[in-house]
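In the part that follows, the structures are each spelled out as structure tokens.
Next, two complexes with subunit A in common: one pairs it with subunit B, the other with subunit C.
Up next, the complex of A and B:
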């Protein structure tokens, strides 16, 4: 019986593959955008302009403190009300990269604050501009500190991308929903879907653990 | 070279620099001592703008410190050595030394490295160019830090308790470098309690207490015949043994 279902499920391999492609593509695109904006957020959050930092902090806390499903609905159903019409894919990317930027921003800010103040003082004393202090001295050290948690955040992002199936995007989760309509064995179908996510995430989890060990070894 | 006139600074209600007036000439070596919290570190941190101050005037190499725009340029002319070294842990000794010359002075990499190697050799670290700070002893790290400042070819060198974080057996290797520098005619202000160093190379010793300059004298007079009771009291405490 199991074999019979398995055969039928794998008969849908083009859908599964397409779903997996969507999950990877959506996650990767949002990851890149999220990292770029997230580093910007982090620099502002750890920066000297207290007012700007506080306003941004409020924004970040809002998205860290609301369910991602709600954020996806905001992007897809509410933005059109104020005249921003987004395709399901674009809405998914916007919601996902925005959330990633918020979490990454706080990680980056924490990393920047963890670099001892003597480091930026040494850079200041040698006549570097603020941008040079950041680029040459502080950021490289912060990146080493935060890389493990950053990679951990990537894993969360990939898993959270499953929520976009709710607005009709054909990602891995959605592929599961479609297949389960004609192959009535949810355990098997979503077992395979879960395995798909695991295959994407496991190398990252592994990488994060290795980086963690290495960053503990550095600076000693 | 350095000219304080009526400089005042407060940390909240704490008056950390009280009406400081002081002139340091080119080539002069001035040692600043005093009990902790007397404002001596704050004093030299003002000179390269690491600490702002509230009133008074401070001229360094002809630049008015209130001119924030000229500050970057000035800082590249003033070397600063920290108590805790503050070497860049992600860079090798040579990279530490050449970073600012390459990016601030816009020196070519080859030229900066040539200069950096010569300086690391001069401070006795020819065999440590490729080492990272965590692979070096405290004394070696501080010597790299001095070379790092010198590589900018500064007109003034400031030292903020450069030997206070070192194990006793490493203090002399750092002081030797500083003595050499003083003899070459570098303008130096040194916050330290190393009175042997002060005796050997200082032109003047300044004693600070509670944010004010209490006494200024050549080392001979400073150690043998201090004019103020507070100076005598301080000296009796640090020279007891």
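Up next, the complex of A and C:
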């Protein structure tokens, strides 16, 4: 009986494969954009301009405080109202990379603040400009501190990408949803979908744990 | 940009939004209690020495952490009827939320317990305290101080995650906001009302976590 269903589910392998490709592509693209903007956010949040930091803080709070599903709806239904018409894919990328940037921004800011102030003072004393201080002294140390949390954030991003299936984007979760309409065995269908995510996420979780242990050892 | 917000319609739907808000609060609270129970159990199983008891807990935590909540939700929603178990959507949602957050809570509690310096436990041993006494008098009181904030952080995640239950047609805050979008064709008004509801819960929990942190942080240990 199980084999009968498995055979039918694997009859849909092009859909599953396409969904897997979409999940990976969407996550990777959003990851790159999210990291770039997130580092910018982090530098501003940890920076000296109080007002800029506060305004950005409110923006970040909005996206950290509302469910990602609501944000996807905002990208898909509200942006057109102010004249930005997006395809489902573009809306997914915008929502996902924006949320990633907000979370990564706070991680980066915390990392920058964790670097002892003596480091940047020493950099000033040796005549470096602000940009040099950041690029050569503070940021490299901050990156070492935050790498485990960043990898953890990537895992969250991949998992959150499943939510874009709500606006009809054919990712891995949506593929499962479509297949279960004609193969009525949710346990098997979503077991396979889950396995797909597990294959992508589990190595990353492992990596994050290893990095964490190593960085703890480095500070002891 | 949102100058044309139709506040009259928002006020008209206020009772429904409020109902949705209460439903979200209810789902999150019940989910939190269930997740706490699962988290404590899974954590207790992972830190005790018997391997055959540890394995299921580790598999549970890792499987949950490596798959999205939405897939877990659909797994139960489409899968349970297959096993002849027919439950109301709301209950399925609460089970999924508890199972999901429970795994993260197990990790939070575990890292809280493991963060207690070894010397503390050894000092307890040398003064002749039993295992239970060491746990109760030395380890847990200190672990509690450091885990409450991350646990509240997980509660924030849980509140936000509960919005996914709208996708299996549980009526909560997100779904209530969609009513305005569908009935009146006003997605902006619906989403603004929804977002405001979640932000209220977010700021309440966030300031609670901050207040606890300020009062209970252990000197010299962040």
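The definition used in the following text is that the second predicted complex is superposed on the first by the 218 of 220 C-alpha atoms of A that agree within 3 Å, B and C clash if a C-alpha of one lies under 4 Å from a C-alpha of the other, contacts with A are read in each partner's own complex, and residues count from 1 in each chain.
Here is the rule we use: a residue touches a chain if its C-beta (ideal position, glycine included) is under 8 Å from a C-beta of that chain, and two chains touch if they have at least 3 such contacts.
As the structure is a computational prediction, the values presented were derived from the model and not from experiment.
Trainee: After the alignment on subunit A, I want to confirm one thing: do subunit B and subunit C clash, or do they fit together?
Mentor: Result for subunit B and subunit C: fit.
Trainee: Quick check on the superposed pair: does A:125 touch subunit B, subunit C, both, or neither? Answer first, second, both or neither.
Mentor: A:125 contacts subunit B only, not subunit C.
Trainee: Quick one: classify A:137 as touching subunit B (first), subunit C (second), both or neither.
Mentor: First partner only.
Trainee: Once the structures are superposed on A, label A:11 by its partner contacts, choosing first (subunit B), second (subunit C), both or neither.
Mentor: In the superposition, A:11 touches no partner, neither subunit B nor subunit C.
Trainee: Anyone got the angle at subunit A's C-alpha centre between subunit B and subunit C, nearest 10 degrees?
Mentor: 100
Trainee: A:168 contacts which: subunit B (first), subunit C (second), both, neither?
Mentor: Neither: A:168 stays clear of subunit B and subunit C.
Trainee: Would you check which partner chain A:67 touches, where first means subunit B only, second means subunit C only, and both and neither mean what they say?
Mentor: After superposing on A, A:67 lies in contact with subunit C but is clear of subunit B.
Trainee: Please name the chain, subunit B or subunit C, that touches the greater number of residues in subunit A.
Mentor: On the superposition, C touches more of the residues of subunit A.
Trainee: Just how close are subunit B and subunit C at their nearest CA atoms in the overlay, in Å?
Mentor: 19
Trainee: Once the two structures are fitted together, what part of subunit A is touched by subunit B and by subunit C alike?
Mentor: Looking at subunit A, the two contact sets are disjoint.
Trainee: What residues of subunit A sit close enough to touch subunit B in their complex?
Mentor: 116, 118-119, 121-122, 124-129, 132, 136-137, 140-141, 144, 218-220
Trainee: Name, in rising order, each residue of subunit A that touches subunit C in their complex.
Mentor: 61-62, 64-70, 73-74, 77-78, 81-82, 155, 158-163, 165-166, 172-173, 176-177, 180, 184-187, 189-191, 193-194, 197-198, 201-202, 205
Trainee: Can you list the subunit B residues touching subunit A in their complex?
Mentor: 48, 50, 72-80, 82, 84, 86-90, 99-100, 103-104, 134, 148-149, 152
Trainee: Would you mind writing out the residues of subunit C in touch with subunit A in their complex?
Mentor: So the residues of subunit C in touch with subunit A come to 1, 62-63, 65-72, 74-83, 156, 160-164, 166-167, 174, 177, 181, 187-188, 191, 194-195, 198-199, 201-203, 206.
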